[in-house]
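Written out below as structure tokens is the structure these notes cover.
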């Protein structure tokens, strides 16, 4: 982190960048917020630790409109989103100075809470420098600890790899944290009967409060105005009386980002109701991989996205029934 | 005061549900929210905070106002019936109860919101003291005592006993219904409740936000706060989602929408969020055109406009849900602290 | 379900047909007097690639029991490539509907050329039959739209 | 709110026998916006149309629904009627209650119910219709022909004869193309040069034709009727105006080692050269790769000997920018490379040659002055073997999957000519099938067998093995005799597959014309629009579209010319108003729509927008309505819904869905 | 299903070859070094399988004359690969007889010095376990 701050100061001072987009220390041990720093003094609040899960690439849409370059700290998985946004002309490569920051897995405070840990005062082991595999958490109710891996975000368990897809320079080491099959849960659901599937999603989606956090955090949902906010489809934006609306919202959202979703996992990270929203996107990714060949959005800026592409011999939609 | 053993709670719930509707914290797909009780509902009284506040017992996220039916070219209008069934909402925390008081100021003031009023009339609130407050709590700042919650009936869970204390007529009436499963509490019980209260208050003192200062926030500081340059900085990480407003126990804004059912139109209202770009959108456009303005609106409303119109009552109750749920780790505490810090620097 | 109730079930079925092949195929079925149940109602679109997945979801929301999309055979698209895009979109959409527990027989894609009146008619007969066997769409319909 | 009139047609008894038309009209009146409904015997009749016109005028209708037969039948009729009454024709929608209803249902009640719903859907749609106006775009009265072979020349001549300016762009120093390399042509055995040269001369002399040789298309922008093309005129280093074509420079040029492209590398040429004697223009070019002056700076012989002072070593490439209304692609073909067919020993023996090389050898102006001889030792061959289908009809990626179409005939021609000129030479043709569909083609082939005694053996050759004695051992099999053949030959001629010229993919990309996996340009419709590209204003001439022989090429060239003339003859183009439109306030500028547009109709502009008070410059999709054909692919791929299709808008289709599901 | 039909099916399955792709050009026969030894020629082999005339194939000498040099596989323009078909037919026969693989110590006894090298190599390729 100190190296990062030092480098950020240099780049600010020599005028390479006009501002730094990173994280600012929060008032609790686990809530750093995305923040801009436009002076070397302000960098005193800069922080980079295990709770800096936010994917900053989407902020570059606005930052691209500002005067001068923005230094942005991107974790390996964030760089896929950056590339995807670049491909869609939503951000300006010349306006960004990308520092690929190391990542050893990011933490999910909800998982820590789910372990019954509350009244948190301090958490040690979440700093990026030490590769701690145990978190020590002091709380009002006494000291607790947990495995780093157990507190990790779901997405880190299926990490896409520690390589940054795009960067101007790299700072810090990364560690691959993958210890689970990315599609295992999707496959588990696929194997259910229609009744079970329906019950599963009904249960999860009935929690949706339509707060739009998933949409607004999503780097693929970068529309100036979402279809759910415009009258083009007569589609209401806000919660409706019937739970139906939630189902449609999430399917349509997943469809709109199909082939563009990098599986960054932000939707599931931010959902206040803990709905595993990535299961929708990952289903599309799995299908695309199976039907049209493996495709990772954001890996190659020049690759044709699967939904704007075709081959003469593509599978027929009937395969869905035949597959059983 | 009465008491009931924890293992007998199901009997209590069964008794209430036999007479009235019963809503209480229920765990669905790993998340706790207030929901209707049923024999197979997984009741969770240990989790301190439900994800959503229980305000939707009185002010549902969506509710139908009236239905138009089309018959050829004729249209008939059927108003939605008001709530007529009595119900109990069990396990509300002190902050949430204060939240309802805030909503009362809005919906029960003239002109009275009849849908809300009907629900308030028919609802009985059973509150529960917060056994183990958490680091995101700051109800104390608003003068709320989470050890001694208001409500129709207040309850305390101490070890394996639930203590039950009716506070109002409605509370007494409810107590009558469940009398058969309650035992009268004795002095020793009274004492253990007092000990519990002291313990809770002791913890509250240790909470990181408990000493938050609201100095400088009142109905009189409109221009000064409105024009502050700090907003420009503070709003930046905001994603413009509605999480904070939808988990909040006091946010009361709603939008009115029509739904075409094919054979008519349903007019319904649903929660709106001041964070949304079409909030208060009018035919001519929007009077808040930037996210900064919308962000400012939320906090100015909670800490300045509302107290200005309601004898100094803040429309924040310190439940801390926004602290826990904001995807960008923004919240009202950070706003208050930022202003405090700036004030400090100035001074 | 009792036999009586079954007889009462008249499914609502929406068929999106591209103007150049399938709509013409439906016309041919008509002029050849090749019947299919009246439950099928056709919406004309310029090309199968005009069919937005949102249209299909909307039909289900509003109470349709089945949605079928017909277009030119792959390789014969009037706009050369439209149906290839449509094919991918529908494959993914159908797969998603299956995934969330909607019976997959409720959606179908069939390529019907302007000369295939017979195919159009048999396809529609088959599809209506299938929807009959699946019964009413209760999983995707909006409660408010029920009478 | 619209004021809609609904007109229900009985179609005699076609509709009225199974649909209660009165009921349909009655029910229609209950729908929102409907102010008039009536039924009539034959809506499409003069009297029926009159009813529509009258109602529009009297009731101030803003929208019309006709419940009748398929819109494919009478939509135009009713739209015209509405236009007569002063209503925008696009405010008319048809409810198809005949083909889709009365003709397929027997039960009156059921059919009527369905007719009512179909009518309701049409009414719901019309409620959201907006008047549409076909756009207009101007037409530049000039055509560009890319490629100066027989296809390009013929197309250019036909267009020019109709009175329009034509430019031909040819990559080589002379026009003439593949045909100029041929000796004789089947099935008449005319001398190729004798019939081609007059055409070349005619083209160069035509006052409406302008030829850019040694030039390439660099950039294409614009759309049908209004293309702008940049043409790179490569430096010839010879002044076209001054050169008299005397040829002294070529004679004196000391560098004569460059392989002659025209003679397929069978002999050499000078560094300053014209590809062949009848070249048009008869102005040489300097090949800087072999020119001593360019390589070492010393020499300059040509400049010294040129009396006209035409040599100019300082010439630079020049870019000419020109506007065109139509573009014809006539880029032709080449033979495939034989690297993947080692078994035929093409690279091992000089005596294994391709058919095109044989053309040059047989030609009196060719490397051997027309004498048939072996390139290894200059001896006259006694035994010649022709192998068919080399690289054609091949399922793997060594060759091409298609039939090259011309080989059967030219092989028969070669065999016949050799047997005619050198009766002592034995000619054997190994074939898989002999394909001779064409006027006088089979007769021609039979003559080769019957009259000239060419030995046709059914069976592909497996291997050609060069022998130490200089002969070529051909190992084949005779499938009819069921025996394996080992034959010593002096020369082997390979009927090499043809493929579209390299570079055509680049041109297709510039033109946004679609191209198939074999690099043949795709026609707009395989049967009905075979000489047009799906991209408006682009026409296809010759082998660039698919293998064909000279008469077919010339026929297609003429057809392409007619299509181009048809376009150029218009002063303005009316464009289909049912095109996509991008809402600039919703557009993200993400380029997804352009990726799926088959017509290249979408481009991006940086545009200043005012989004509810926020002024900023945004990248916005802009649809060129002259190019857009209205398929709607973009509308679905657009994530924000900014792209919508006029006449089939999202809201219109959803209204139909809603009306049907009600 | 008749047994011939089954066998033809099996041959198609083992070889992964679709004999209907054959355009009867005869390049396989033209290429084949063992052509003269064969009673059913390589190109005929393909049509025998296509026509499900398996009994004749099984009886033929050709089945055991093929060297498995794969020249036909290499040269076939239609991806039909007669060599694979022949190999598959052999397997069908060998499987029917049972004992479709050899132990290492059985091999030397079975070696015939006249046996072409290619056949050996092919056999190892095919029958190893």
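Should a chain be cited, it is by its letter among A, B, C, D and E, assigned in written order, with residues numbered from 1 in that chain.
Convention: contacts are C-beta pairs under 8 Å (C-beta built on N, C-alpha and C of every residue); 3 or more make two chains touch, one makes a residue touch a chain.
All values derive from a computational prediction rather than experimental measurement.
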Those chains which touch chain E and also touch chain A: D
Most distant chain from chain B, judged by the mean position of its C-alpha atoms: E
Of B-C and A-C, the pair joined by more C-beta contact pairs is A-C
Chain A to chain D, mean C-alpha position gap in Å, rounds to 47
Length of the line joining the C-alpha centres of chain A and chain B, rounded to whole Å: 30
Between the Cα centroids of chain B and chain D the separation in whole angstrom comes to 69
Two or more partner chains touched - positions in chain C: 53-54, 62-63, 81, 85, 89, 142, 144-145
Pull out every residue in chain B that's touching 2 or more other chains. 259-260, 262-263, 266
Pull out every residue in chain A that's touching 2 or more other chains. 225, 227, 233-234, 241, 307-309
Each pair of chains that touches is included here, namely A-B, A-C, A-D, B-C, B-D, C-D, D-E
Report the residues of chain D in contact with chain E in the complex, numbered from low to high. 343, 389, 393-396, 398-399, 432-433, 458-463, 475-477, 479, 482, 484-485
Quick check on the complex: what are the chain C residues that touch chain D? 12, 14, 19, 23-24, 26-27, 29-31, 33-36, 38, 41-47, 49-55, 58-59, 62-64, 78-82, 85, 89, 121, 145
Of all residues in chain B, which touch chain A in the complex? 28-31, 33, 48, 51-52, 61-64, 132-136, 203, 206-208, 236-237, 239-243, 245-247, 255, 257, 259-260, 266, 268, 270-273, 276-278, 323-325, 327-330, 333-334, 337
Can you list the residues on chain A that touch chain B in the complex? 26-28, 31-36, 54, 59, 109, 114, 118-121, 139-141, 203-204, 206-207, 209-213, 215-217, 225, 229, 234, 236-241, 266, 269-270, 272-275
Once bound in the complex, which stretches of chain C touch chain A? 53-54, 57, 61, 74-75, 81, 84-85, 87-105, 107-109, 139-144
